[in-house]
Each structure stands twice: as C-alpha cells, then as structure tokens.
Amino acid sequence: MNILKKTIFSVLASLLIIGNVYSSDKIKIGTEGAYPPWNSKDASGNLIGFEVELAYTLCRYIGKQCVIVEQDWDGMIPALIMRKFDAIMAGMSITDERKKAISFSQGYADEVASLAVMKGSDLEGMKTPAGISLSSPNSDAKKALKTITAALAGKTVCTQTGTIHQNFLESGDVGKVNLRTYKTQDEVNLDLASGRCDVALAAAVAFSDYAEKSGKPVVLVGPTFSGGAFGNGVGVGIRQDDTELLKAFNRAIDKARKNGDISRIATKWFGFDASM
Amino acid sequence: MELLAFGKTGWGDELFIATLMTIAVSITAMIIGFFFALIFTPFKLSKNKFFNFIGNSYTTVIRGVPELLVIYLFFFGGTGAVMYVASIFGYNEYIEINAFITGAFAIGIISGAYSTEVFRGAIQSIDKGQFEAANVLGLSKFGKFFKIILPQTLRLAIPNLSNVWQITLKDTSLISVTGLVEIMRQSYIAAGSTRDPLFFYSFAAVLYLLLTFLSMKIINKLELKYSRGY
Amino acid sequence: MDLELMINSLPKLLSASLITLKLLSVSLIIGLFIGLLFAILRLNKNIFINRFAYGYSYVFRGTPLLVQIFIIYFGLGQIEYLRSTFLWIILKEPYWCAIIAFALNTGAYTSEILRSAFQTIKPGIIEAGKSLGISSKIIFYKIQIPIAIRQSLPAYGNEIILMMKGTSLASTVTIMDLTGVAKYIISTTFKPIEVFIVAGSIYLFMTFIIHNVIKFLEKKYSFN
C-alpha cells in the first residue's frame, strides 16, 4: 500500500476507535434483577422494579440515555470497576467498607432490614421495639440487641453473601450465630421455607414480597434495623475517578426528590414512601 | 407438564434455546481448545526446556485447579488483561467481549488442557517407524504431518477426545457467572420463578443426558469412519 | 497486585482447605464402596441387574455434578413429605447433601474404573486359582479384588484429583470450603484476581501431593 492509502486507512481506523469512545453517550447502569421490589425481572425476562424505573427518571434529568445491564450480585462492584457499566443501582447500601472501593451518590431510598421466620417458629413474638437504629444505639436498641442475641443463639441464620445483612450478623452485635450465606435472596427464601434456616435476615420488603408472591407463611420478627452496619440508605455506586458522573447523579437525585418522583415511584413499588 | 409448554407461560421455549446455547458454547469451546492444543502439544513434546515447561505448566495448572476458579479468574481477570493490553495502545474504554465469547473461551482453555494431553499421548504412541518412513519418502514437513501423522493421531485420539467432549459439555454448566443463558442458568431462573427447583433441575439433568446420548451416537460413527483400514 | 491481601488471606484459605479435604475423603470412602458394589453388579449375569448398574453409572457420569448437587440440595428440600421423615435430619445439612452428591458421582466413575479393571484380569489367573481348588468366593476376594485395585491405581488417582476439584462445587450450597471462603474474601475486598491466585495455588499444591502419593503407591504395588 502506498503512503496515501496507509494514511487514509489509519485515519479511518482511529476515527472508528475514537468514534466508539465518544459514542458512549449512554450511561450503563448495573442492577441485579433478583431483589424484588428493588429490582427484578418480569415473565419475559425484562428488568423491572423501583430502581429500574428510578434509573430512567434520573437519566432523563441528567440528559443522557441509559441502558440497564444485568449483573450477578457477587460480581457487582468488580464489574463496575472493570467498566462493564458506569453506575450501580442495585439496592446497594452506602457503607464505609464499600466506600473504600467505590463512591456513592447521596442516598435515594432507605432500606430497613428485618429478621424473618416461618409461621410457628419459636422466635415469633420477640419482644422488641418496632425499629432500632444502630448508628448511635440508645439503651432501647442495646436491650433489643441483647434479646435478639439470646433468641438467635444456636440458630441457623441465613442471608445473601456480600450484603450489609451479612456484615451485621458477623459484627458480633448479636453474638455468634450459625451463619449461612447464599448467592441470591431467592436461595435464602427457599431454604427458609424448607426449614433449613431457622431465621433469615434481609430487607423487610424483600420478605413481604416473597410472602406475597409465594403464599408461604413468612413472618417478620424483631425490630426493623437501620444505620450502623446497615449503612446509610441506598445510593448510586460510581467509580471513584468518575467525579463528573457522580455530580450529575447527585443533581438528578435532588431534582427527582424535589419533584416528588422518588416518593411516587417508591410508593408504587414498596407500597410506602421509602424515599430519602 | 404445562411448565414445559412453549410460548409465554411455559418455559419450554426458553429451555430449548438454552440447550442450543449449551451445544453452541460446547462446540466453540472444544474448537478453541483444539487451537490451544495445537500450540501446547508441540510445546510439551519439544526438547527445548523452556517450551516444555510452558506446556507442562499449562496442562498441570488448568487440570489441577477447580473449573469454577479458572472460570472466575478468567472472567474477572481475562477482560482486565485484554483491557490492560488495549490501554497500552491508548484505548481506555470498556471492551465489551460478549458473554458467549467469554464463556466459550473460559471453557476452551480448560478443554484445551485435556485435549493437549490426549494429542500428546496419541502422537507419542504412534510407532516411530511411521516417522522414519515419512522421512524416507522425502515428504515436506507439512506433507509428513498432514498425510501420515495427523490421520493416525486422530484415530488414536478420538476415543479420548470423546471424553474431553463430555467434560467440556458438562463444564458449560459452570459458566453462569458470565451471565450466559445456557441450560443451567435457564433452569436456575425457571426454578426461582416457579419455586419448583426439583422439576427444573431434574429436567436439566434429562437435557444433559440427551446431549450425552446423542454425542455418543455421533462419536461412535466418527470412530468407525477413522478406524477404516485397521 | 495486592500482595498484602494475598498474605493475609492465606491462613483463612488454608483452614478452609481442611474442609475441602474432609469433604474429599468422606466422599471418596463412601464412593469407593458404592463403586465396588456397582462394579460387581455390572459384571452380574442377570440382565436386569447389570442394566440397572449401567443406568446408574450412565446417569451420574452423563450429567454435570452441579446439577446433581442442586437436585439433592434444592430439589429434595422442596418435597414437603421428605421434610417430615427422619431423612430430613441428614438432608437438612448442606454438608451431607454435598457428600451424598459427591459420593454418588465418584461412585459411578469408580464403578467404571473397577469394572474395566476386573474385565482385564487375565482369565488364566482365575483358572489357575480354580485348578488349585480354591473356591470362587475366595478367588474373588483374595485374587480379583487386589489385582483390580492395583490395575486401577492410575485411573483412580485421576479420579481423586477430579473429585477434589468437584468439592469446589460445595460452595454453591453454602459450604465454606476453600472456594467458598475465597468467594467470601472477594466479596469483601473486591479483589478477585489476587484471592483466586492464592486459592488456586493451594489446590495445585494438594493436586501435587495426591499425584505423588499415587505415583508412590503405583511403584510400591507394581507387579515387578
């Protein structure tokens, strides 16, 4: 090839590469698709849920198109770092530990966690306050933790791997428990229903959603938890060096909150206003 | 049984597509494995200590570490490695290597390690006289390889390669981490959605048995074809 | 490459590998008995018995181990009736579900190895025994079985290594074996590559030991 052809070829090639780089005008958002009502899939396999709907709203405010990508929970943060997508909206709570690896936007919704058992379990009717916060535990909270520790002693407790729930159970706040961790919330539900688990811990809405859809007699027990090991609300996960996108999401969340979008979408999916 | 119906309410069509996907990934992985074997078998047979070491490391490591780890390592590290190489050239965006290629490649690396062993064994058991005769006939290196060595290698290798095929086929059940929807992942989704794991996992077993059965029939025909004259 | 993480995770991974070894040894022992039983059944003249044994081996070798574990753990756990029987005490525990799946799986492969070893014993040896007036039963226990075991050593050594890799699937049903703990460490440190390199090296080391032990046994019990 003569010089002219070579130059044309390389210019075209570089345009193709650069073109690819710049055509990423879309924001790719990763979600699990297996944690209803936060995110799940419908019968045809399309991603749906509170966060999917909120994501589209936020992207509208940011002014870019978004593409929702499915990702298994245990590979969520590595996938973000690997640039498989640009943001995580998967019911991921903001915790100090996760902040070591990624940045978070401000919280857009609150998740309260709860223990759950099958009807008839001897843990039913645990005497605790309705909800406790672990960020600055008052005496009520501390008493509740003691009650829970006694109740869980020797019991098999199940939760999803890599979650704030697992962190809490391992923190020692409820003593030593026989902990089992599973890849998805679905598997936790299955083993709770079959009796392999005496009690499970997850977002309260996750259990009520399961009880509703499966008809199984799942009962919430104990107080609802927030704060402390449970983090400070659910936010958008972003790569640490992606400061522009972080600002964009924070602005969008402000707008969505002011316009009542978050409350509306949350009430639609959770049955109550879980917005922050 | 209605669970298996085709169409919107039944999982029949999803499972059918998933089965095709399993077959596609297995075949692709097997072929990728052959390419690895093409490189590493000569390495293992080489008298050069360095190449010999590389060849042996490949088969020892890949066959000695659980498939789950290889797949995870490849999935998390492989894309990273490719991107690292690309970033040297200034390309910093995410390189979308789709789930199929990732999965097939991961299994292919594993399959290749077993295939390498099979080919090595087959070539080593070809009578030395064949190599000498080929030399005497004055054939070129390629002629020697393709006209005399390769046909005999295939004949000796096919029974063992059928084992490698079985291993490859079953290993595809492990690549759900890449998100690829093959039999195992589709059964997982269906089981979760219908809360009927017993039915769907048992059916998955039936599907794999079907594939195994059909594979054996096809491979037996191949064995007969390549044993002609013996 | 985070070397500090690799060094810090080593103790946890090493203690988890003890669980892997425990799973491996219990499964192999039970599997060996199953394998011997079905190898004998396969050689039986009764067509129903040997077809049944063939069916067992075909099913367990023709389906992935992952499917087998999932059927036993999730599938059987779904059956309400089973949960009310005494079997539930065993099936409730992921550890035993895994052992059952592993044992049945290795039993199938072992039965094939032993069967082919039995079939390649030179008939002359058995005839010699008979001509000496030794009963068939004693010939079987004192001549055929030992010879079959010696013949099987290379193939069985391979099976041991394959089974060791199979135990990594216990991590899919909540068991904290080497792979399970590796996955756990990754989920808290987000550094998959470093952790898997350490875990992989431990597996390689165990493979190396098993391989050399088998080689040693082969030499020791060779026919020379």
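Chains here go by letter, A, B and C, matching the order in which they are written, and residues are numbered from 1 within each.
Heads up, the rule we're going with is that a residue touches a chain if its C-beta (ideal position, glycine included) is under 8 Å from a C-beta of that chain, and two chains touch if they have at least 3 such contacts.
What you see is a predicted model, and the numbers here were worked out from it, not measured in a lab.
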Overall pattern in which the protein chains touch one another (line/ring/star/complete/other) = complete
Request  = Could you compare the number of C-beta pairs in contact for B-C with that for A-C and name the larger?
outcome  = B-C
Ask   = What's the chain with its C-alpha centre farthest out from subunit B?
value = A
Inter-chain centre distance, subunit A versus subunit B - centres from mean C-alpha coordinates, in Å = 36
Inquiry  = Just the number, please: Cα centre separation of subunit B and subunit C in whole Å.
reply    = 23
Ask   = subunit A to subunit C: how many Å between their CA centres?
value = 39
Remark   = Check: subunit B positions touching at least 2 other chains come out as 76, 80, 195, 197
Ask   = Hey, what residues on subunit C touch two or more of the other chains?
value = 74, 77-78, 192
Note = subunit A residues touching 2+ other chains are 78, 190
Message = With touch defined as at the start, can you tell me which subunit C residues reach subunit A in the complex?
response = 74, 77-78, 83, 88, 92, 94, 172, 174, 183-184, 186-188, 190, 192
Note = Residue set of subunit A touching subunit C in the complex reads 74, 77-78, 81, 97, 101, 158, 161-162, 180-183, 187, 190-191, 194-196
Task = Spell out the residues on subunit A that touch subunit B in their complex, using ranges where they run on.
result = 17, 20-21, 24, 34, 41, 43-45, 70-72, 75, 78, 82-84, 184, 186, 190, 214
Request  = Sort out for me which residues of subunit C touch subunit B in the complex.
outcome  = 58-59, 61-68, 70-71, 74-79, 161, 164-169, 171, 179, 182, 192-193, 196-197, 199-200, 203-204, 207-208
Task = Quick one: which bits of subunit B touch subunit A in the complex? Just the residue numbers, please.
result = 8, 75-76, 79-80, 83, 91-94, 177, 179, 189, 192-193, 195, 197
